[in-house]
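Two complexes are shown next, each including subunit A; its partner changes from subunit B in the first to subunit C in the second.
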Partner chain A sequence: MVSSETQVVCACFASRLAVSYLFPSLQQQLDRTVEFSTPVTSYRSLQEGAYLLLHNLPVYDGGVVHQVPLLVALMALFKPVEFLMPVLFAAMDSLVAFQLMRIAKLYQRQLKIPSYIPGIVYAANPLVLLSCVSQSTCLFVNLSISTSLLYALQGHFSLAAQCIAVAGYLSPYAYLLLIPLVGICGTTSAGVILLLKSTVVSFVLQLVSFSMNNYNWNYMTSTYWILITFSKMRPNLGLWWYFFIEMFEFFIPFFKSVFNIFVISFILPFSIRFNQQPFYAFVLCLGWITLTKSYPTLGDGGFFLSFVPFFKPVFGYLRYPVISSLLLIHAIVLSPIFYYLWIGLGSGNSNFFYAISLVYGLAISSVIVDLTWAMLRIEYDSGKPNLSLKLTQI
Partner chain B sequence: MALVENLHRRIVSIGLVPKFISKLSQLSLLCCVIGLGCLVALLPSDGQFRRTYISENALLPSQAYSYFRESEWNILRGYRTQLDIFQHVSTIHDTNAEVSKWLQQFGVKTAVYEDEQYGETLYGIFHAPRGDGTEAMAIAAPWYNENGEHNTGGAALAITLMRYFSRWPVWSKNIIIVLSEDPKASLRSWVTAYHTSLDLTGGSIESAIVLDYPGVSDRFDYVELHYDGLNGETPNLDLVNVAVHVTEHEGMKVSLHGLPFSELDKNDYNSRLKTMLLGIKDSVLSGIKKCYGNEAFSGWRIQSITLKAKGTQGPHDVTTFGRIPEAMSRSVNNLLEKFHQSFFFYLLLAPRFFISIGTYLGTAVAVSVGFVLAALNQILNNKYAGLPLLSIYNIWSVLAFCIALTFAFITSQLFFYFPQPVALLSFNVLFSALPLVLSTRIKIQKPFSYRFKAIAYLYMAIVLTSLLVLNFSLALVMGVLAFPMTRTTTITNSNVFLSLRNFALILASNPFIATWAVVNFVEPTLSGTRVFGALIEAWQQLGCWTWFILCLGWYPSWLLVTYASIDAIDLETAKKEN
Partner chain C sequence: MKLHSWISVLLLVYKVTAELEADVFPVDNEVDSIQQEVIQETRKNGTDESSSVPPSSELLSLEDPVQYNFQENLNLTPLPNNFLLASFQFYMQSETFGVNRNEHESNVYSHHTVFPKPVGPIMSQTNTRQLHLRFTHGLWDSQEWGQLPHSGLKSGGNGVELWAVIEGPSKEKAMQSWITLANSLSGLFCASINFIDSSKTTFPVSSFLPTEDDAIPLFNENSSLYLIRAALANEPICTENLTPFVKLLPTRGKSGISSLLDGHKIFDSNWHSLSIDVNTICEDNTGECHYSMEEFVETVVNVPNSLARADRPIPKPLGGDELRCDTNKPHDAFQCFPLPGSREVDFNISKLFGKKICGSSLLGKTSSKICAHVPSNWNVMVQVGDLLFTTDDNCFNVNSNEPHDVHFETSDSGNVLISKETPLHVSRALTGYGQDRGGLRSVFRNPSNQPVELVYFESLPWFMRVYLSSLALESDDSDLTLDSVVKSTFYSPARDRERPTHLERKLVIPPNSTLALSFQFDKSLLKYAEYPPDANHGFEIEAAVATITSPERYEARSSSLLLYLSTPDFSMPYNVIILTSTVMGLAFGTLFNLISKQLLTLEEADRILASTSPKAKLLRLKGKIIGLLKRNNTKPAKIAKSE
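Coming up: the complex of A and B.
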């Protein structure tokens, strides 16, 4: 009898593979939707980069490729066996599911749920599944983050540092997660080692990328700088794009800095306030980044929501889980429809889609707020849930 | 935040939330009633609607003098006499060849699009003297109209207008004339071909005017305007406004949704209500019932309307009818950019009165909220509310929903191969009777009954919400017709009265039975079981989704609710028996 965890991993792998090979055109269709694909995570852009690289053309001059050089090189390596790409992505996704179950195992005592539950939730989450089928490169980031988290929780801080450095190399927002990760380390020395190790690995990765890109730093602009400046103006589910499409030129730098500060602003407070529960601080930070980053996809949202089962002990404290889930469901169902009204039929306009992306933002933020409240409540009750006590915040 | 907190404390202190939860079932019904009540009672009354106005100032309808008058009379008559003869002596192929020669005489480039299934379509493009050729206006006149009458006057008018337009240097958009065999499939196939495969094209079509003037009469009574597109699309209100403005400016009366001449002058609550309800009916059945031609242009960002001349004895002359497309083309020609955004969502109460989306959308939202409340009622208002999220009951209900969806999908596909409406209806009647028949033999556990219904209502709510802005009329009608299913009760001990009540509610809310009954009631042309064939045809010929929305959006929920209406037993009793 194989363990239920193995079954979940197999089911996860098989479902992704089945969807990818049964509906071969689905990958391209999803890659064209604004919900699952952004300029910085699109598989098409990665393919373009690999093509340019294989033909010895400058990869980053055209302003099309926004993926880091090592990822482009990996793609170029896989180019001859491109039909196997779904297998790679399915395997990575199953690995994330496996790691979530390992994390659940570490917290088995507090969680009081079978450790395979987070794995099932991850595997059955349609957002994650479709994001995996669309071969969005945010899966690489998610995998690095979950690996790093698992290692940190297991006490392998050196490996955790390397993984978070890889995640940060792929998407610099992951560097923000270093702060809650340091909290997970517990001791100062371990924290310092984590920071130093990740800095060194990041430098090495940048140097390798620099040399691979013909000793040219121009990849920095199109991969990292674009995240900060939001220079590729494309609609997505985030809060950024609508703000900058019609704004007086001289206001733009100010508001761009405000948006960037906004991303950073809540990382430290979360980490400090919940320093006794660093894992939960980590998850809340992840949610915050999902909400405020410049190019979010539903894949990021699905990854964050996969951590919600870990909050099982505080579920009783949640104040409006029904509202959050209804918001989320409606946002996800309506966003392609409103995008179609705007771009396809022409009877709607950009406000329609922006309204829905706001609803999505509201859904994610209501999840974060509700979880934060629940965490504070259980702290107030000193870890022993007392659901009959009614509290209100002032 | 303090205000919100105060409110929150007050709500908690008077115990509003438990009261609210215990009354969910009634509240859900209330929502539906309010929605429907607002629609019927409020919207057509004074103060709720506005007078129409031209939103895009560049359109300037009727600002230029119309010259399509006596000078064109003989030309029009000549063409019309010729076409009348062709109608009797030659095939459409030969007629097209001849008409093509006429059009080429005044510089219109012509081509014939041949569709194996739906016949051939002649079209010609007059290139704009002042434009860059990227935009166009279409004037279409199918050879036969929706009633199968020969559209002699409409086709002759279209050709005369082309000849007349070709002498003018003012055009900044290409003008396309389309002469298709019928206003439905053949025109639709031409529109699709124009955007996909045709060689001779004239840029993106901004507006399309379909002319329908059957017969050879010189005179007519009034103009009928048709604007409902497929899948709930409507043309930009500006185009409708321009048409109404121009028509009334020329002294003719406009009729919407086939209102008879005697009712055109009325402007009271009843007449507005009638026009609005007819509008909702026409929008729901657009593509399924008779097609007037403007439907064929749907979905390609083309604003299209049909102008139909009614009667043969009236005071107006055929050239007066021609001045409507002339002035409309002049208006559209003025457009520098596009039609104004967000002027696509409206309900017309009269040619000059409309309700905008913000006012009417709430009615359908209320119905959709009614479904959400009904779902919450099934989750919260019973002793199984505390079941864990991942309990077997929840997982099974999701699985059962997937099975119902698959079954509904198979039904929708199967009907294409075996179009037997009688079999479909009788199967659904039998299925509705299943809980009655099984009442003593098979029991289901109570939590299943509640959870199945919750998922069914939630799904229905999501479907309705997604339809809201795509196809308001369909969302509203579907929500109201499906609403009886939320009133079914979970019964135990085979209570005969309640079982019969459930049976009646389930029967009434079945997608196919309800559609059949309502369509028979409101649309005489689709009497009997003809509506099902028409739904299939609308998908195959025009790409109208209504069949799939019925099957995939409504049917799965109905299946679940029907199953959940089987006699249920308590969990404890079930355990004891085992």
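Coming up: the complex of A and C.
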């Protein structure tokens, strides 16, 4: 008898592989949508990087490559067997599903749900599935984050530090998750080890990249600085793009700093406020980054939403789950349509898609707000739900 | 005078082995001989040239007392389908100057004679050693008309094209000089050349290399030469550009063949090109230098159309009796099928250009020359006053000050001199739909029996994000691979708002074949203020340049393209600021409240509110005041309160 977890992992792997190989053109089509690919995560830009690397052309001197050197090198390595790429991505996605189930196992007593439920939710989440099929490199980041979280919860802080350093190397926003991770560590010494180890690993990764990029730091500008300056204007589901297209030149530096501060603003408050439930603080921080980062994809959103089943004990406290889910469905269904109206047909204008990106932002923020409220509620009730009690805040 | 050592930095593809006579300019035969004369003359005279008096043998006449290094030619070539190519060519040279100008500036009297006064200072201030400027517009039908005049070396892509060899201690300094040069030329030619900035400028690697056999002089041994190029495809070429062109000529369009240059006629054509090339030429041993300048104006006019417009400036339908009807087909007094165009042609160029040639240039060393390149069935006559002359080679010298006119007549205008076939046909098109991405497809057709080697130069604006990995080859010949066509690639990727994509590929096109190279690109969104006022018109993409190196030297250009970018809503700035900020504020504010406020039951909250609400505060204040008043009245009250 195969355990249900193995079945879920196999199903996850098979579904992704099946979609990739049954619809071979789907990968390219998804990679061109603004919902699943951004300049910093698109598979095309990775291919371009590998091409330039293999032809001895400048990879990071401007251009379209915004992926870190190690990823580009990996892609160049895989170039002769590119048809196996879907297998790699499907395997990574299944690994994430597997890790989610392991986390659920750790919390089985509190959760009171079978541990395979988060796995099923992840495997069946269309956002995650399509993101995996599009071969967006945000999957690498998600895998590193979930691995790091699993190791931290299991008490392997050194491994957790290494994984979060890898995630941070791929996408610097993951470094922000170090703060809730330190909360998970619990003890000061473990926290110090985590911080030190991740710093060392990050340095090593940067040095390796530096040497791989012909002893040139110019990849920093194309891969990290672009996240802060938002220099590649391309529509996405985030809050940044239309704001900086329409903003008056004079105010752009000011608002760029505001938006960057906005990203980090709630990391520390969440970690401090929920220091008794550091895992949940971690998830809320993840959600906040998904909402505020400069180049979000639906892959990020799907990854965040995959953690919602872990909030099972507080589901009763949610105030507007219906509104949140409707907002989310509304955004996801209408965004490709409105984008096509604007870009493809020309019968709608940019405001249509902009409105949808706002709705998506509202959806994610309402999920975060609702979960935060529920967390506060259950904290007030000291873990014993008393749903009839009416509470307020002053 | 110091002896300068010359460093030849930009070496040429082929080495000069021939004698002096062999180093000719790549123009057609007629011009070659004249050019040689000028050059030989120059070399003979050497530095004595500043005396500006011709060698003794010629008679000095009062009407023509001094003669300068100025030469002008007019070449008239009928093309198939009743087109006529008129090519005005002007050559001039500056006086010599010493290289180390600081030494000389104060005590040497400088005279610019026939060389245009504004050009010299621009060249010297920006350390420009070679300057090439092209204003071209229209379509050259290479299928019908064959090769471009001067093998395409004297015409640019649609719009303005500028490239220069600039001396500078560093690339940055050279770039500064380049910007200065662009701004100066912008003022000089009334064109928007000042829009050239780093985001449009490239440093070509194997295209646009200087063609002259001599090395470009380097005035300072510590600096080096930089070849810099930019093009503006959206620049309309118009009369305000021609007027400064004519002003650069010593004759100012008042005499000589330049008197034909009238903007209304030159630009009323299917294709026209204005070009300027300035070279710095130095003597190896003396260190004396001079500028030599070539100014070409070329235009292709449709003869019947131009004649009709001269007859009827305001277009009106022809009268019934003037219609040339095909009587074999049904017809009546009002409508009929037209006869095929007449092959009989009989016209004067004064009718095409609106006026006659006002005599000779008066100051050239050699007389102005008019040549017609026609087969034997054409009769070409020059008309001086009332007299008509013919010559064997259809070339005429304009010596007198009488008005001159050229008369063409033939019974079969379809019979023209066969032009050499273009070694390669290049065309380029945008593919795909949608405003967020697209493709660029270049088609190369080699009609000849030998392989064609070329350098294909493309400079694309930064808002086209090129995916070089998507480069694909389409060809009927399945054996052909990308590697066998593309021999080498130079790629400098675009940097946003800083520099364009610069692609130079060495290609070999096999004989008698057609192939297409294509790649994909993403279109970027621009910032709201970066769109031009007519944002939905699209953005012109400059022509690609194919420099053919073998079997013959030739430059072909593709047409320019129009790229549509998606646009934001230009009326939205305030709305976007408000709406985005609202969403951000909503998320931030709610979370901030949740995290920072205390959680209470409703009853507790009511109780606390009751004691902290403004009303309660007012009541307490009132109580305090009353208490104070009472304390003033009675002491026991105070004691009671203190307790």
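The working rule: the second predicted complex is superposed on the first by the 391 of 394 C-alpha atoms of A that agree within 3 Å, B and C clash if a C-alpha of one lies under 4 Å from a C-alpha of the other, contacts with A are read in each partner's own complex, and residues count from 1 in each chain.
By definition in this document, a residue touches a chain if its C-beta (ideal position, glycine included) is under 8 Å from a C-beta of that chain, and two chains touch if they have at least 3 such contacts.
Just so you know, these numbers come straight off a predicted model, no measurement behind them.
Participant: Do subunit B and subunit C fit side by side on subunit A in the superposed arrangement, or is it a clash?
Facilitator: fit
Participant: With both complexes overlaid on chain A, does A:Asp61 touch subunit B (first), subunit C (second), both or neither?
Facilitator: It touches subunit C, and subunit B stays clear.
Participant: Looking only at contacts as defined up top, I'd like to know whether subunit B or subunit C touches more of subunit A.
Facilitator: Touching more of subunit A: C.
Participant: Once chain A of both complexes is superposed, is A:Ile117 in touch with subunit B (first), subunit C (second), both, or neither?
Facilitator: Once the two structures are laid over each other on A, A:Ile117 reaches subunit B alone.
Participant: Applying the touch criterion given at the start, work out whether A:Ile337 contacts subunit B, subunit C, both or neither, answering first, second, both or neither.
Facilitator: Only subunit B; A:Ile337 stays clear of subunit C.
Participant: Look at A:Gly191 in the shared chain and tell me whether it touches subunit B only, subunit C only, both, or neither; answer first, second, both or neither.
Facilitator: After superposing on A, A:Gly191 lies clear of both subunit B and subunit C.
Participant: Give one of first, second, both or neither to describe whether A:Met247 is in contact with subunit B, with subunit C, with both, or with none.
Facilitator: A:Met247 contacts subunit C only, not subunit B.
Participant: May I ask you to decide whether A:Lys390 touches subunit B, subunit C, both, or neither, giving the answer as first, second, both or neither?
Facilitator: Both subunit B and subunit C are touched by A:Lys390.
Participant: Given the touch rule stated above, what does A:Gly299 touch, subunit B (first), subunit C (second), both, or neither?
Facilitator: In the superposed model, A:Gly299 contacts neither subunit B nor subunit C.
Participant: If we overlay the two complexes on their shared chain A, which of subunit B and subunit C does A:Leu52 touch? Say first, second, both or neither.
Facilitator: After superposing on A, A:Leu52 lies in contact with subunit C but is clear of subunit B.
Participant: Between subunit B (first) and subunit C (second), which does A:Leu291 come into contact with in this model arrangement: first, second, both, or neither?
Facilitator: second
Participant: For the overlay built on chain A, what is the smallest gap between any CA atom of subunit B and any CA atom of subunit C, in Å?
Facilitator: Superposition on chain A places subunit B and subunit C at a least C-alpha distance of 5 Å.
Participant: Quick check on my understanding: which residues of subunit A belong to both its subunit B contact set and its subunit C contact set?
Facilitator: Touching subunit B and subunit C on subunit A: residues 346, 349, 351, 390, 392-394.
Participant: Under the definition above, what is the set of subunit A residues touching subunit B in their complex?
Facilitator: 117, 322, 326, 329-330, 333-334, 337-338, 341, 345-349, 351-352, 390, 392-394
Participant: Please output the residues of subunit A touching subunit C within their complex, sorted ascending.
Facilitator: 32, 34, 44, 47-48, 50-52, 55, 57-58, 61-64, 231-235, 239, 241-249, 262, 265-266, 269-270, 273, 291, 342-344, 346, 349-351, 354, 358, 361-362, 365, 368-369, 372-373, 376-377, 379-380, 389-394
Participant: So in the complex, the part of subunit C that touches subunit A is made up of which residues?
Facilitator: 433-437, 462, 465-469, 489, 491-496, 498-499, 522, 524-529, 566-569, 572-573, 576-577, 579-580, 583-584, 586-588, 590-595, 597-602, 605, 608-609
Participant: What residues of subunit B sit close enough to touch subunit A in their complex?
Facilitator: Per the stated touch rule, the residues are 5, 8-9, 12, 233-234, 299, 301, 338, 341-342, 344-345, 372, 376, 390, 462, 465-466, 469-470.
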